[in-house]
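Below are two complexes that have chain A in common, paired first with chain B and then with chain C.
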Partner chain A sequence: MHNKVHLSRVLFYCGIVLLCFCMVAPLYLLIKVSFSAPQEVNTAHPTLLLHHPTVRHWQQVLTSGNLFKPFWKSLVVATSTMLLAVFLVAPASYVISRASRHLKELYVMVLFFTKMFPVVGIALPISVVFLKWGLLDTNIGLILAHLIGQIPFMAWILVSTFSSIPRDLEEAASLDGCSKMRTLWSVVLPVAAQGIAVSGLYVWLNSWNEFTYALYLSLTTKTLPLQVYYYVQRGGTFQMAAYATILTIPVILVTFVMQKYLRSDYLSGAVKG
Partner chain B sequence: MRRFLKKYWFELLLIAPMTLYLLGFTILPIFQSILMSFQDDTGKFAALHQYQVLFAKPQFMKSIGNTFFVTLVSLCYQLALALLIALALKKAFHGRGIVRAIVLMPMGIPTMVSGVMALYIFGTSGYFNEILYRLHLISTPIPWTTGGMRSLWVIIFADTWKVLPTLVLLLLAGLDAIPDTIYEAAKIDGASATRTFFSITLPLLKPSVTMSVLFRAVDAFRIFELPQILVGTAVPFVATYSYEEYAAGNLQLSAASSTILLVMILLFTLVYMKVIDRGEGFNHA
Partner chain C sequence: MKKAKKAFFMVLVWLLLLSPLFGNGNSESGATSEKKGKETLTVTMALSEEEWAVMRNQVIPNFEKENNCIVNAVQVEASDVQKKLVAMKQAGKMEIDVVASDVNREAALIDAGLVEDLSAYTDLIPSQTAGKLAQAGVFDGKTYFFPYRPNAEINYYNENKFNQYGITPPKDWDELYQVSKLLKDKEQIGRICLKIKLSGDAIDLVEFIRSAGGDPLVLNDQGTIEAFTYLQKLWPELSPDTLKASFSSSNTFLSTDEVYYCPNWPFAANIIVKDGGKTEIKAYEGFRGPKGFVKTLAGEMLGIAKGSEHKELALKFMSYLMSRDVQATLLKENGWASFRTDTYADAEEWQKPYFDALLKALTVAEPLPRVSNWDKIQQCLNDAGKEILLNGADVKTTLDKYAVQVKALQS
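Moving on, here comes the complex of A and B:
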C-alpha cells in the first residue's frame, strides 16, 4: 500500500515536470535561436544548448531601420484601440448592466453571437469599403477594424463588473441630489475603475498581437506581427526570432501587471443574473 | 415615444455609440459578405454559382475536412488535458505557485510568436526531429509541416500550447465554485475517488465546460494565424482558404467560403446546445 502511494506521487511529479518543460521549452528555444551563431541553427542537427552566443542578429535588427516604424505603428494602434474601446464600451456596459434581466441577457447573447462571425468574413467587406474610403494602410482604418474584435469581449467583462456594483450606491447618491451624470462619474466609475483598467489592458494586448485584420488592411505599412510574418515567409530564421522576442517583451510586462487583477470569473460573470 | 425618450435619454446616449458601431462594423459586414457570395464578379445576382465553383475545388473540400478534424480533435484533447491540469493544480503540493505561473505563462504570448516557436520545433531540421534523432528513434528527419496528417497534429499541438492556460483558468474557476462540503459528504458516505469525480466534479463542472467548449470551438473553427505561419497553403483550412481567394482577387469566392465557415460554426453551436448541453450549462452558468 505504502509503495503504491509512493509510486503515484512520483508519477504525479513526473507529470508536473514534463508539463512545465513543455510550457517553457519553446520560449527558451526562441531566445536561444536569436542569440545563436548560424552554424548552430542552420544545420541538419541543431544544438540544444547555446555554444557560440552572438549578438549579431540583434545588432542587425536594431540598426537595420526596419524596427522602429512597425513598432511605432503597433504601439499607436494598440493604445488608440484601447482608449476608444473604453469610451465606447464602458458607458454602454453600464446601461446594459442596469437594464432588465431580459434585455441584459438578450444583449449579452447578441454580443456572443457577433463573436462567432468568422474574422475573414468581416475583414473582406471591410477591406473593400476601406479601399473606397482610402483607409487602407492607415492607423485609423486598423484601429476601427481592431475595435470589431475587441468590443464584445470588453463589454462582456465590463457588464459583469458593473453588475457586481450594488444599485444602493447609486440610489443613495440620487437621494442626495446627484444628477445621473454626476452619479455615474463620481460614484460608479471609481468603483469600476479596476475592471475597466484590466479589460483595457486586455484589449491593448489583443490589438498588439492582432494579425488577421492587419493582413487584410495593410499593403505597404506593417505592424510588428506583420513584420514577423514577413520574415517567416522569407525564411529569415534569426530576424524572425529577434522580432518575435521584441513582440513578446511588452506582452510579458503587461501580463505581469494584469495577472494580479485578472479574475477568471469575468468570463462567466456576465451571464449570471 | 416622447416620454420614453425624455425618461431614458441619458441611457440611450450612453448605449448608442457602441450599438451603432456593432451594427455598422460587425453585423452589416457579415451580411455584405453573405450577399457577395451570391453575386458574380461584376456584382450581379448569380444564385449559387460561386458555391458550385467552390465545391468543385478539391483544395476547398480538403479545407473543410481539415477544419473539422482539427476542431474536434483539439477540443477533446485540450479539454481533457486542461481538466487534468486544473485538478492537479487544485491539489496542495510543493511549488504549486510556480507551476501555476508557468502553466499560465503562454496566455499572453502572441499567437504569431507561438507559431514561430512551432516552426523552430517542427521544422525539418528542427528541435523535435533532433531530439528524436538523439534518442535513436529516427535516422532521417521527418518533414512535419509539408502536409498530411502529421501537419494537422503539429497545428493541434501548437494551438494547445497557446490556449491551454485560458482553459485551465476557466476550469479552475469552475472547480473553485464547487463547495468543499459536498466532497466531505461524499467522503463520509464512503465514495471512492473515481466515483466522486464522475458523480460530483464532472456534473457540477458542466457550466464551465460548456463555456470552454463554445469559446474554444468558435476559435478553433476560425483558426487562421497558426496554419498561415506553419503550413501556408500546403494544408488548407476554411479561413486560410478564404484568404487565399481574397489575395488572388476572387472576392466572391472568398465571401462564399467564409459564409460556409459561418454556417459550420452556427451548426456546431446549435447542435452542441440542443444535443449535448440541452440549454442547462449556458443559461445557469
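Moving on, here comes the complex of A and C:
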C-alpha cells in the first residue's frame, strides 16, 4: 500500500516535471536565441546550451526606438481598459445578478449579441467613426475600441460571480446597519474579488494582445503586438526573439501579481451555520 | 508601509487613467510639428529594422533640412496600406500623404480610388530609369505611381553542397528535376526548396505557368496544364520546407543548411551572407521554362494618397527618393536594387554577384496580373495547387474546375 502511494507520488511529480518542461522549453529557447550569436543558431545542429552569449540583439531592440513607446502605449491601454471595464461592469453586473432569472438571462443574451459579430467585420466601420472623431494614434481611441469587446466578456464572468454570492451575506450586513453602497463595497466586492481579478486579468491580456483595432487606429506609435507582427514580417530572427522575450515579461508579472486572487476557497466561511 | 503601498497603487491607477486623456503616444504628431511651424509629411513604407535605420539617419534628414519640414515616416505593411487608406478616406481624414506601395497591389489601390493621378508630373521620373520599370505605374494610360524600389526574386544555392555532389545550379526545368532528384536520393530528404506555400502570394506558381506559356487568368490553357503537370512530377523531390518558405523562413532554411537551394529576395543576401557570414550561399538569376525565362516584378513604387493635404511637398519627396544620391545610398547601405542604371557602380564588392543576378532577373521581370481581385484569383491558383500537388488530383480536371471560378471573378 505504502509502495503504491509512493509510486503514484513519483509518477505525479514526473508528470509535473514533464508539464513544466513542455511549458518552459519554448520560453528557454526564445531567451536562448535572443542571447545567441548567429553562428550558434544558424547551423544544422544548434546546441541546447548557450556557448557564445551576446547582448547585441537586445541592444538593437532596446536602442531601436521600437520598444518603449509601444510598451508604454500597450501598458496604458491594457491597464486603462481593465480599470475602466471593472469600474463600469462590476456594479452593473451586481445589479443584473440580483434581477429575476429571466431578466438576467435576457441581459446576458443581449450582451453576447454584440460578441456575435467578428471583430474584422465591425472594426472598419467603428474605426471610421473613431477617425472622424480624431482618435487616430490616441490611447483613448484604442481603449474605447477595446472596451467594445471586453465589456460583454467581463459582464458574463461577473454576473456569474455575483450570482454565486449568497444574498444572506447582504441581509446580514443590512441587519448590522450597512447601507446598500457600504454592503456592496465592504461585503460583496471583497467576496467577489476572485471573479473580478480573473475577469480583469483576461481583459488585460485580451487588450494587451489585441491586434485589429490597433492596426486601424495606430499609425505613428504602435502597440506591442503590432511591433511583434512587424518583426515577424520583416525577418531578423534574433531581434524577434529579443522582442518576444520582452513582450512576455509584463504578462508573467501581471499573472504573478494576480495569482494570489485566484483561490478556490474564496467563499468558504463567508456564511456561518 | 501598508498605507504607502496603497497610496502608490492609487497614484499609479490615476496616472494610468489620466494618461489616455492627455497622451497620444506620438511625440512627432502633426499637431506638435505644426506648433514648430513646419509642414509634416506622413509617409508609409514597409522596411526592416536595418533599412529603417538608413532611411531615418541617411535619407530623410537631408530632405527635412532642405525643405524645412518634418517627414513622419511610418512602418505599414503592404497588405495593410489599403485598409488604412480605406478607413481614412471613409472618415474624410486622410492622414497619409505618400505611400510606398507594393507593385502587385497597385491595381487594388487605384480601383478603390485611393491614390492620385500623377500623369501631369511624369517629367519627374528620371531618364535613367531602367527598361520598362516606369511603365509599372501606368494603368489605363494614366500614371499613378513612380518607380522607387524594383525587386525580383533571385535563386540562392549552397555552393559547398553543390560542389560536394558535383552539380551546378539548374538552368532549366529538366535540370531542376534532375538536381532535386539527385539530392533527394543522396540525402533521403528533399533539399531543393521552392517558395510554393499554396497560400498567400503565388509568385513562384505564376512564374512556372508563365514560363510554360500559360496565363494564370485563364488557368486551364495548355501552358498552365504543362506547368502543373511538371510540378506534380517535381513535388515529391522537393524539400518539405517548400510549403513553409517565406522570406524570413527561407533565410533560416538556407542559413542552417536545411535546404541547399531556394529563391528569395535580394535583401536575403544581407541577412545570410553579410550578417550571417554564410559566404557559401551564392545566387543566380534562376531557371528557364519551356517557353523562356520568366521573373515577377515586385518591389515598391511611390504614390500620393487621394485627399493628401501636402501634395506639393509629397511630389518633392518622391523626386528626392528618385534622385541618384538617394538611390545610390539605398543600394549600398540596404542592398536594394535601384531602378536607375547609373547607381550600380556604387555597390560594394561582395554585393556585385547578387546584383548581377538581380539585374538579369529584372530585365525580364513583369508584374503579376493587374486585376483588382487578384487576391481571390491567387487563392484559386493556390487551391488548385493543393489539390494537384498535395492530393494528386488530375491536372486537367482540377484546372477546368478552377478556371470557371477565375473567369467568374473577372467578370
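The criterion applied here is as follows: the second predicted complex is superposed on the first by the 204 of 273 C-alpha atoms of A that agree within 3 Å, B and C clash if a C-alpha of one lies under 4 Å from a C-alpha of the other, contacts with A are read in each partner's own complex, and residues count from 1 in each chain.
Please note the rule applied: contacts are C-beta pairs under 8 Å (C-beta built on N, C-alpha and C of every residue); 3 or more make two chains touch, one makes a residue touch a chain.
Values in this document were obtained by computation on a predicted structure and should not be read as measured data.
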Partner chain in contact with A:91 - chain B first, chain C second, else both or neither: first
Contacts of A:196 with chain B and chain C, given as first, second, both or neither: neither
Which of chain B and chain C A:69 touches, first, second, both or neither: second
Partner chain(s) touched by A:205 [first = chain B, second = chain C, both, neither]: first
Residues of chain A touched, compared between chain B and chain C (which is higher): B
First (chain B), second (chain C), both or neither touched by A:140: second
Which superposed partner A:236 touches (first chain B, second chain C, both, neither): second
First, second, both or neither for A:248, with chain B first and chain C second: first
Which of chain B and chain C A:132 touches, first, second, both or neither: second
Partner chain(s) touched by A:216 [first = chain B, second = chain C, both, neither]: both
Residues of chain A contacting chain B in one complex and chain C in the other: 42-44, 46, 124, 127-129, 215-216, 229, 232
Touching residues (chain side chain A, partner chain B) in the complex: 12-13, 15-16, 19-20, 22-24, 26-27, 29-30, 33, 42-46, 48, 87-89, 91-92, 94-96, 98, 110-111, 114-122, 124-129, 144-145, 147-148, 151, 155, 180-181, 205, 208-209, 211-212, 215-216, 225, 228-229, 232, 240-241, 244, 247-248, 251-252, 254-255, 259, 264-265, 267-268, 271-272
In the complex with chain A, residue positions of chain B that touch it: 10-11, 14-15, 17-19, 21-22, 25-30, 32-33, 36, 85, 88, 93, 99, 102-121, 125-127, 130-131, 133, 141, 161, 169-170, 172-173, 207-208, 211, 215, 218, 221-222, 224-225, 228-229, 238-239, 242-243, 246, 251, 254-255, 258-259, 261-262, 265-266, 269, 282-283, 285
List of chain C residues in touch with chain A within their complex: 13, 16-17, 19-21, 23-29, 42, 46-49, 72, 74-77, 80, 83-84, 86-88, 90-93, 95-96, 247-248, 251-252, 255-258, 271, 275-278
Parts of chain A lying in touch with chain C, wherever the complex brings them together: 38-39, 41-44, 46, 60, 64, 66, 69, 72-73, 75-77, 79-80, 83-84, 124, 127-129, 131-132, 134, 136-140, 143, 215-216, 219-222, 229-237, 239
